[in-house]
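Given below, in the form of structure tokens, are the structures.
Two complexes come next, and they have one chain in common, subunit A, joined by subunit B in the first and subunit C in the second.
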Partner chain A sequence: MRLERRAQASRRLGLTVPIVAVLLGLAVGGLVIRLGGTDPLLAYRTLFAAAFGSMEGWQATLTQAAPLMLTGLAVALPARMGLWNIGGEGQLTMGAVAATWVALYEPLPGWLLPVGMLLAAFAAGAVWALIAAVPRGILGLNEIIVTLFLNYIAVDFMGFLVNGPWGDKSAIGFAYSRAIPNRADLPMLAPSLSIGVLIAFAVALVAGWIVNRTPAGMTMRLVGSGTHVSCYLGLPIRRLTAIGFGGSGAIAGLAGAIQLMGVTQRLEPGISSNYGYCGILVAFLAAESITGVVVGAIIYGALIVGGLALQGAGVPFDISLVVQALTILFLVSGQAALRYRIAMGRGAGAAAIARAGR
Partner chain B sequence: MVAGKAPSAPAAVEALGVTKVFNGRPANLDVYFHAFAGEIHTVLGENGAGKSTLTSMLAGVYRPDSGEVRVRGRKIAFHSPRDALRAGVGVVYQEFHLVENLTVLENALLGTGMRPWGRKRDAVGDQARQAGFDLPLSAPVRLLNIGHRQQVEILKLLLRDPDVLIFDEPTAVLGEAQVGELFATLDRLRRRGKAIVLITHRLREVRMVADRLTVLREGRTTAAGRRPAEFTDAALTELMVGPGTGAPARTREPAAMGEIVLRLVGVHLSSRSGSGLRGVDLAVAAGELVGVAGVRGNGQREIAEVAAGLAPPGRGRVEHAGGDVSFIPEDRLGMGLCRRMTIGQNLALRCYRKPPIGRPWQIDRAALQSLAERQIARYGIPARADRIVTQLSGGGLQRVVVARELDQRARLIVAAQPTRGLDIRSAEFVRRRLVEAAERGVGVLVISEDLDELMAMTDRIVVLYEGCVAADVPRSDFDRQYLGTLMLGARNDRHAS
Partner chain C sequence: MNGFWVQTLHQAVIAGTPLALAGLGELLAETVGVLNLGVEGMMLIGAVTAYATALVTGNLWIALTAGALAGSLFGLLHAFLTVTLRVNQIAIGLTLVFLGAGLSGYAGQSIAGAPVAQSFETVAIPGFGALPVVGPILFRQDWVVYGAGLLGVAVWVFLRFTATGLNLRATGEDPAAADAAGVPVVAIRYLATIAGGALAGVAGGYFSLAVAHAWADQITGGQGWIALSLVIASNWKPLRLICFSLLFGIVDSLYFSLQALGTDFPSSILAMVPYVFTLVVLAIGIAWRKELGVGPAMLGRPYDREERI
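This part shows the complex of A and B:
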């Protein structure tokens, strides 16, 4: 028995691996729940009922899924170009800061206000990502480190704003900004679901089209496949890197605006709720596929909603995190299954060598 | 070969009617082969003819489905290459298995359990001297050139004292001069009574060293243990590729010269490995086919990239007549193709952003598909357009690159080592396309280490030596020996003016 490298992973296998990883994550997570003295089946029933069992559940799940979809795209899109954007958290935060600034200090008339806020968030996210793209393009600095550190700067900058100049003086003991005007709220689709989720779906649709159907998408894949090919074809790598990074930052920034205008109504430290980091996991779960990001974001949203419901039933919320972590672990193992296969006997392995060498 | 010995003594190694089937396709079908001590026996065949499969069975990498392998007349079932080595059969593979940061001595002794000091050091030195190698034993392998690395591989094998040495296309990676050295080594080993099996697809090498030859075509033996003198080159080619194909490269008449499409003036370019370029002047006219010859590392890679416009020269000027330049890069899979894309997408790499395929908001998949199908048919690419490109063999990959580059209708084509490692049919195909392009009035610059190829197809050969143009030889003065000495740095006396 030996491992062989696959020439090409089939599409069906590409779908099977994440599904099996999620199921295994739930199964092993169930063992952990059992150790905690709760019936895992009951716990999972509670979890799924909370996330999908009612209209309220669906609304909550989709509300969670919307920002995750955007931050997931913000990782998956540059990953196609071989770039790692770990800065979704910071880009989302800066998006929310910019949108708040428009709402509090540049009160545009009528419907221009929400549109202006969205645009400001879009631009702020892009700028925050470009801060990482420029040193990479010129000095070759690692974008992972730069985007990661920019997260801390963004979060602390927001902390300064809500504790200081933008703070709500009436809320003693709580650090959050003054509320944005009501007319800046996103329209609601349902009692507790804003159109933010539609914006996220639309962005995913456009991104999917660009990536899979347009010349620009093909260029992205070429850049992602290595500098030799790109140089050979004369592609402007630095400019494309900047566009890719800026675009992905803009998408993450949009998530900040959607949170602000659809959920929190004010700038507050918890506004990102780790969506930036979870987006990395969503993109990973999706193996950089756009459809995968949409599905993965909904699954993650459900886990968050379900986890909160479990907490109400006496199981710690952390169980949901355990299930998430297990899922990722199984997924990483599953990646090996995508690249290799197990062959029985020595003949098959030798055959592969022969095919390569003959 | 030692003729009188053959019938009485058993063969050093032989395959009797071996068959090996992979995925329902026979790679070897009833193949017969035998090599005697004290001879050089070449195994000739195109890529995919089953040469590697045969040698892998002789060397214990895998076992035949039927038929048997014998060593000195005894039937043997190898379970691993180690078994084969113990029985006295060893292989020098095309890819070297050396640790770059270890010294020559350490590499030579690696895996033997011997310690690299004291008497062992002398033993290795003796062995190297006997083989005629002048190797620096304490130098790390990473400092060695490719010819010396190959010698380390051979030395490794000799320390295990095999009776049979199999060389898997050893000349594919070597320059002209190093091939001569290698063949001198083979001759020395032959005199010491070793059986040498030389895998190759170059007829010239058969003529140079072979005592006997075996030819494989599509997994079958088309000639077994015959003498080279029995065949003309044409007859051997036919045994390798079948009747009616693979005529030698057409020689061409010098074309009427058009305007200059590429001019290098005093071009300098530094390089991390090799000599770089040190003041190169060169011009290629429309309709002209110019060859660049030289031993590897004398500036070929750099001149290709400068001429193609990929690398700006450190000093000097590069002038193009305008328009695109078609470039067939040396590293076809790393630079010329995108591994993760399909054959169709790779064929469209130069034009997917332009109409009719690239529209602003969409790639026209039907247009891409029809382009791909047209090119696949015209260039004989042996797979469907929606296959991932890495599923192709070397010849297929190069056809994809050539198809795409020539389709640009550029006024200049730069081709770097365009036929290296290709099977005869694909190599000939590529050469013919380049000649046709020149006949259409395109300027073509071919950089190649295969002097025969350059002599057959070009109007002019520029010899590079240590980053300078050592000579610019017109077709009327082509002479293999003369060009060969220029490549080694001899002064260009004949054309001194």
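This part shows the complex of A and C:
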């Protein structure tokens, strides 16, 4: 018995596999919930109703989806160039730090303040990502490692700021910064939904347009396909790497500003509740497609909202982490099922045919 | 040297031990080309299993064994998904962190805060234990500490001087060539990843039982990520990894010593040290001689026999 590469997965299989995977994830997750003494059907109903069952639910889901969309794009875009940006968490954090700095120490007049904050976050995210791109471009240092470490450095740096110089002295329990001025808040679309989600959609639209409709998008693909081709064409790979990384960092930085100005109103340690890492998973499951990132972010946002609702109903939040992880594991294994099939015997000839058909 | 420093350094060796164990496990996995980002999750699942077992049995060695088993199950899952199904290792690693954090938090609710009465027995090495300063710091420790040090040497000898060790390195550098030479690439990747998971499990267990002396949700607080950074900073060399884990242990124990003294040195800055340190070591190493930060050539790449380039 062995795994054999499929020539091409049928469309029906392409639709069935993810659905089955999600159902399996929910089923095994339900088993874990059952073991914990809660009725899984009731838990899932609570989860679904909380995320999509009401206007408030939709607002909460979209609020969670906005940063996920941006951090997802921040992974999916450079992935097209063959680069792994797993530093979304740090770039988001530094974006929020920069925006807070503008709000607290550079009181720009009127509407310039929110705009200045967004721009600062954009720039800070780009700079933080470039710190990783420069060693890769010049020294060949693995960007995965550098971006990962920069996450921790950024989060610790923010911890230092909110515990020290920027801290709100009246904070009891956990530390947070002084609040940003009210005029820096993003306008609201609905009682608890800021225009942050529109910003995220807009960024996704622009990204989709660049990737699919411009020569720049084609160049990205070319660089991602392997440097030999792009070397022969004389493409400036170092510069393109820097632009790709900087751009993706900027997008993640923007997510930090949106969180700050649309949700928390102050810098606090939980400002990125793992959005950077979840964004990686969203991008991965979306197979780097822009539409996929948008849809995936909304689904992932719903899972978070549902998990919080379950917590309210007495089921620990850890359960929703388990369900999330199991669902992803099944989805990911499902992707393997699309690429391979189980074959009996050696079947070298079939493999050769599959290779030729590819 | 006064008592404060001797005590802090003694504690540093203990704090460095889980880092060394998890780091050595990760080093094995990465040597054969498997980037296991799930160390943090494996440490957590090992920690909760070991702690619960210690509460039930009262035997810390059984507890560590249970932790190793739990960690190796996660290692097996990682290997199945990345080696057999050839799914992206970054995505799997991160997912396993979430799974480990969620499962351990959920399973450990009832034991959070419960104290374990036993502790690892301190064994003085005859002769060395009586030395001033060095004695209490290095040679009056428990067996797990000595075991971690010896394991570092063993891994070094194994990878550097044995034929099997060479096969492991070949699997990480060029799996296709290794396969052609008759090296069982898949089996080696499985075993190394499982061993890595088991060591992460032991590391988590030792952390909860001997360093933190408690189980709480997310107790390891980033230890797994630090272990990961150690592997890279030490340039995939086991002995250097042991030295660096001691260094990071010092940072850890200083953190607590300074807090106990009541100084207001910002803890966030101290927490940053390991990561900044690793980046600086990497940068210096590369600028000095172009050897660091490269790692096994096929690190993170699945191997597919049918896809020869």
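The rule is simple: the second predicted complex is superposed on the first by the 318 of 358 C-alpha atoms of A that agree within 3 Å, B and C clash if a C-alpha of one lies under 4 Å from a C-alpha of the other, contacts with A are read in each partner's own complex, and residues count from 1 in each chain.
Everything that follows uses one rule, which is that a contact is a pair of C-beta atoms (placed from the backbone, for glycine too) under 8 Å apart; a residue touches a chain by one contact, two chains touch by 3 or more.
Note that this is a predicted model, so its numbers are computed, not measured.
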Q) Between subunit B (first) and subunit C (second), which does A:Asn163 come into contact with in this model arrangement: first, second, both, or neither? A) second
Q.
Between subunit B and subunit C, whom does A:Phe284 touch in the aligned arrangement: first, second, both, or neither?
A. second
Q. Does subunit B (first) or subunit C (second) touch A:Tyr232, or do both, or does neither?
A. first
Q) In the superposed arrangement, which partner chain does A:Ser54 touch: subunit B (first), subunit C (second), both, or neither? A) neither
Q: Report for A:Leu329: first if it touches subunit B alone, second if subunit C alone, otherwise both or neither.
A: second
Q.
Going by the contact rule set out at the top, does A:Met218 touch subunit B (first), subunit C (second), both, or neither?
A. first
Q) For A:Phe149, is the partner it touches subunit B (first), subunit C (second), both, or none of the two (neither)? A) second
Q.
Which chain, subunit B or subunit C, ends up touching more residues of subunit A in the combined arrangement?
A. C
**Q.** Common ground on subunit A, meaning residues reached by subunit C in one complex and by subunit B in the other
**A.** 351, 355
Q | subunit A residues within the subunit C interface of the complex | A | 3-5, 32, 36, 84, 86, 135, 139-142, 144-146, 148-150, 152-153, 156-160, 163-164, 277, 280-281, 284, 316, 318-322, 324-326, 328-329, 332-333, 335-336, 339-340, 351, 355
**Q.** Of all residues in subunit A, those that touch subunit B in their complex
**A.** 7-8, 209, 213-215, 217-219, 221-222, 225-226, 228-229, 231-233, 346-347, 350-351, 353-355, 357-358
Q) Which residues of subunit B touch subunit A in the complex? A) 20, 22-23, 27, 47-48, 50-53, 56, 61-62, 310, 327, 329, 331, 334-341, 345, 349-350, 352-353, 358-363, 388, 390-391
Q) Which residues of subunit C touch subunit A in their complex? A) 35, 81, 84-88, 90-92, 94-99, 101-103, 105-106, 109, 217, 222, 225, 228-229, 232, 266-269, 271-272, 275-276, 278-279, 282-283, 286-287, 293-295, 300, 304, 306-307
